[in-house]
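After this come two complexes, each holding chain A, first together with chain B and then together with chain C.
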Partner chain A sequence: MRLYYKYLLILFKSQMQYRTSFWLLSVGQFFIPLTIFAGLYLLFERFGQIKGWQFFEVALCFAIIHMAFSLSECFARGFDQFSSLVIKGEFDRLLVRPRSTFVQVLGSKFEFIKFGRLLQSIIVLVWALSNLPIEWTSIKAITLMLMIVSGVLIFTGIYMLAATMCFWTVQGLEVANIFTDGGREMAQYPLNIYQKWVARFFTYVIPFGTVNYLPLMYILGKTQGNGIIYLLTPIAGGLFILPCFLFWQFGVRHYRSTGS
Partner chain B sequence: MIQLEGISKSYKIAKRSTGLRQAAKSLFYREHTIIDALKDISFSIKPGEIVGYIGPNGAGKSTTIKIMSGILVPDTGSCTIMGYTPWKDRIQYVKNIGVVFGQRSQLWWDVPVMDSFELLKDIYKVPLQEYKATIDLLIETLELQEIVQSPVRQLSLGQRMRSEIAASLIHNPKILFLDEPTIGLDAVSKIAVRQFIKTINKEKGVTVILTTHDMNDIESLADRVILIGKGSLLYDGHLEKLRKRFGTHKTITADYGKNTIPIQIPGTSILSWSPERVILSFDPDQTKTSEVITHLSDQVKLLDVTVESQPIEDIIVQLYKEYKI
Partner chain C sequence: MKVYGSVLKLRLSMGMQYRAAALAGVATQFFWGFITIMVFEAFYEYAVQTPPISLREIISYIWLQQAFLVFITMWFRDNELFELITSGNIAYELCRPCELYGFWYAKLLAQRLSSAILRCFPILFVSFLLPKPYNMTLPPSLTTFLLFLSALLLGLFLLVAISMFLYISVFITMSPAGSLLVFSILGEFFAGLIIPVPLMPTWLQKIANVLPFRWTADFPFRVYSGHIPQNEAMIGILIQLGYLLVLVLLGRFALNRVIRKVVVQGG
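And now, the complex of A and B:
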């Protein structure tokens, strides 16, 4: 953990070598999801509600998934851009250092400009929360935190899967974006507005639903019966990263025996 | 210290053909060829040795280095270094080695060199006290005082290479792998790098394995050379022996007062001739050096004479020819 912090420090120093571009890109990152959010706003302006979901409820849903996404893009960018590490042969360098490849890849890149995006989702989150009549309990607050943390874990897991594929294909896989960007786009709305199979896919295969839709119902008081199950779903979703991690380890071993 | 036995490694390489149609076809189906990068390589290296690992491009030098540094797993054979199998005990093992890839940087491009050193200190968990002592010594002997505060991207190649070598020694490794450490350097930097390698070998007893194409590196550093070609080990032994076995010829360069009659001396062959200078090659076992000089002074008015053994570069060219690699 301490080492990861040191990695961040050096990457931050590197980023600060290019200050102007940092500010410009951050501002750009701030506005990209803003346009998406504007679309959301206009949609509700027109229709009022979707399947019983009000604007601010969906805005909360939107804010949480975008926050998780931007955080994962900040922290796990090393995995997202892993193909460049393999192509340039820099992965060899990581292997001759006595630390786990996981930490080293995480530490290889950090996208500070994504803070612009993060800021935007924080603003939406605060705005949504202040307009929703939620009776806050400490459990609900914890659930909200868990939703974000587990969301980050799921995005990271997908990045890792894609990165691992690079050991075989060398070049990056745009396919993964279907699940990251696509998953984000899907999960910014409550899952029950979609077809059943879509909702199922994003609950059981790539568990965005468990960090967003299901616990959100609990926070908004839309659940019947025992809320505990809903509370626990983000944790279950976060476990998604474990098989991804194992697959990564497997990929590293494969790399070492082929050295493509 | 280092023990390689029967190491073999082959790669599966996709055949690439030219033309759009072929490229399109290769999207769905690709032919593969198996390339034997290494065939049954065995050698052992004792602590404190400097070994020059040579061979033409694509001979398998880098593959061997990668296997020895735990990056690659060989198909067959065993490799034991300091009691570890590099690819199995990776994390434990790599604490003991330093690796410099001449063509790739291990420093962080946009930050001062010193920042890279400090991050490496944390990566290798070097205690602060030890780090300070080591880094002071490295900065002094590699003359890095003026460059450690500049970002890597502003350094010249020579400065960068010196920083790279320092970076690979921060954790006081017992073994140093240098993959083409002098590539692209000017004469002054080359000499500085060689000098430094000698120093750490002598004073700290670091075992050094270096690959290079510059035979002067080998000549000034390595007592022992391992020659590899097309994946097979061809020669392993003393540089002098190699020279004796293949470098049988000597050359004489003579400058003299203007003389338009071509020189003829039995037992020698003329490499080049002009009215002021001649370069002769001969075999010292058959023709004595003194005889050649006597003949020369009979025929022309000698101004200057130099006698040289065959340069190592020539021997290597001859070797490559002999082994058809």
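And now, the complex of A and C:
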């Protein structure tokens, strides 16, 4: 953990070297999802609702997913751009060091400019929450936190899977974008507006449903039943990262250097 | 003219090298298209009043958008040109015996064209075969189709003319980040990439109509589905031509101005 912290400090200092560019890019990260959110708002202005969901309910969903996405993009960027490490043969260097590869890859990149995006989703979150008539209990608050954490874990898991594939393909796989960018795009609406097969796939295979649908219904008071079960769903979704982690370990063992 | 033709050809064959990357892009775009259509489907299901554009028209709009994505997006850019400008290698470009504007224009045009050719056919082909209601439909008549083709081509020319301003601005700012940001946010939003222009509120539609971005993509796609009737499409094409003329002349003027002031640093 101390090692990771040091990685972060170094990366932060190096990125602050280009200050103007840093601020400009952060602002950019702030505005790009803003237009997507504006699109969402305008659609609701015209249609009023989507399968019984109101604007602020969807906005809450949007904020949670975008927060999770931007956080995972901050932290797991190293896995996202892992193919460059393999292509240049730099992964060999990581292997000889007496620390776990996971921490080292995680620490190899950290994009602070993504905080712009995070800030945007926090604003949306606060706006949505202040306009929703939710009766807060401590279980609901914890569930909300867990939803975000679990979302981060799922996105990170997908990044790891894609990175592990690089051990065999060397080139980065753009197809993984379907599940990261595409998953974000899809999960910003509650899952039940989609066709059954899409909803099923994203509940049981890649468990976005446990982040943006089941606990969301509970927080908004759309279901009856025991709160604890809904509290547990995001945790179950977060477990997605475990097989990804194992797969990563498996991949590392099969790593063959590209030389150079 | 011949010079520009050969630049175009060279770039086209270069772009064709990246077939695997294009295929991966196609898969992503399919998923994207599906998700977007499903969202609209859900919105339309409980629509209180009749929306100004039917679901059928939206679906072909979205598939066309995915097939010709490179005709809309501003982030599809040539980093080589940016580097030329910031690194001072622009000096080489200035030595060439042809006008810079035309040369770059041909280069950028070929890039978008080659990428579009690779992507649009698989996407269009599969989208026609999809089960209802997700499939793409044929345009209502042959005239509509011809109008669509000419509008699409003009849209591409227009987009390249707009993107030239991006490169010109780098001469002054020396960093593409800022202008890229403004162009891509405004451009993509007003080209109907995030929500189709007819679904915007009236005041936004008015703004979109004045700006050139809408004419690059939104207009040809709606001509295709017949949402814009033929006689209006004719007027639209005239407007496109007008915009194109103005933007190219302005761009050439601006480029010649900044080149005169260019300072090549060291090297």
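In this text, the second predicted complex is superposed on the first by the 255 of 260 C-alpha atoms of A that agree within 3 Å, B and C clash if a C-alpha of one lies under 4 Å from a C-alpha of the other, contacts with A are read in each partner's own complex, and residues count from 1 in each chain.
The rule is short, and it goes like this: a contact is a pair of C-beta atoms (placed from the backbone, for glycine too) under 8 Å apart; a residue touches a chain by one contact, two chains touch by 3 or more.
Model, not experiment: these values are computed from the prediction.
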First (chain B), second (chain C), both or neither touched by A:200: neither
First (chain B), second (chain C), both or neither touched by A:17: first
First (chain B), second (chain C), both or neither touched by A:256: first
Chain C versus chain B, contacts on chain A by residue: C
Partner chain(s) touched by A:47 [first = chain B, second = chain C, both, neither]: second
Contacts of A:38 with chain B and chain C, given as first, second, both or neither: second
Chain B versus chain C as contact partner of A:7, first or second or both or neither: first
Which superposed partner A:181 touches (first chain B, second chain C, both, neither): second
Partner chain(s) touched by A:92 [first = chain B, second = chain C, both, neither]: first
Overlap of the chain B and chain C footprints on chain A, listed as residue numbers: none
Residue ranges of chain B in contact with chain A within the complex: 11-12, 63, 66, 69-73, 87, 90-92, 94-95, 97, 99, 101, 104, 106, 108-111, 115-116, 118-119, 122-125, 151
Complex contacts: residues of chain C adjacent to chain A: 20-21, 24-25, 27-28, 31-32, 34-35, 38-39, 42-48, 51, 175, 177-178, 181, 184-185, 188-189, 194-195, 199-201, 204
Complex contact set, residues of chain A against chain B: 2-3, 6-7, 10, 13-14, 17-18, 88-90, 92-93, 95-100, 256-260
Chain A - residues contacting chain C, complex: 20-21, 24-25, 27-28, 31-32, 35-36, 38-39, 42-43, 45-52, 171, 173-175, 177-178, 181-182, 185-186, 189, 193-195, 198
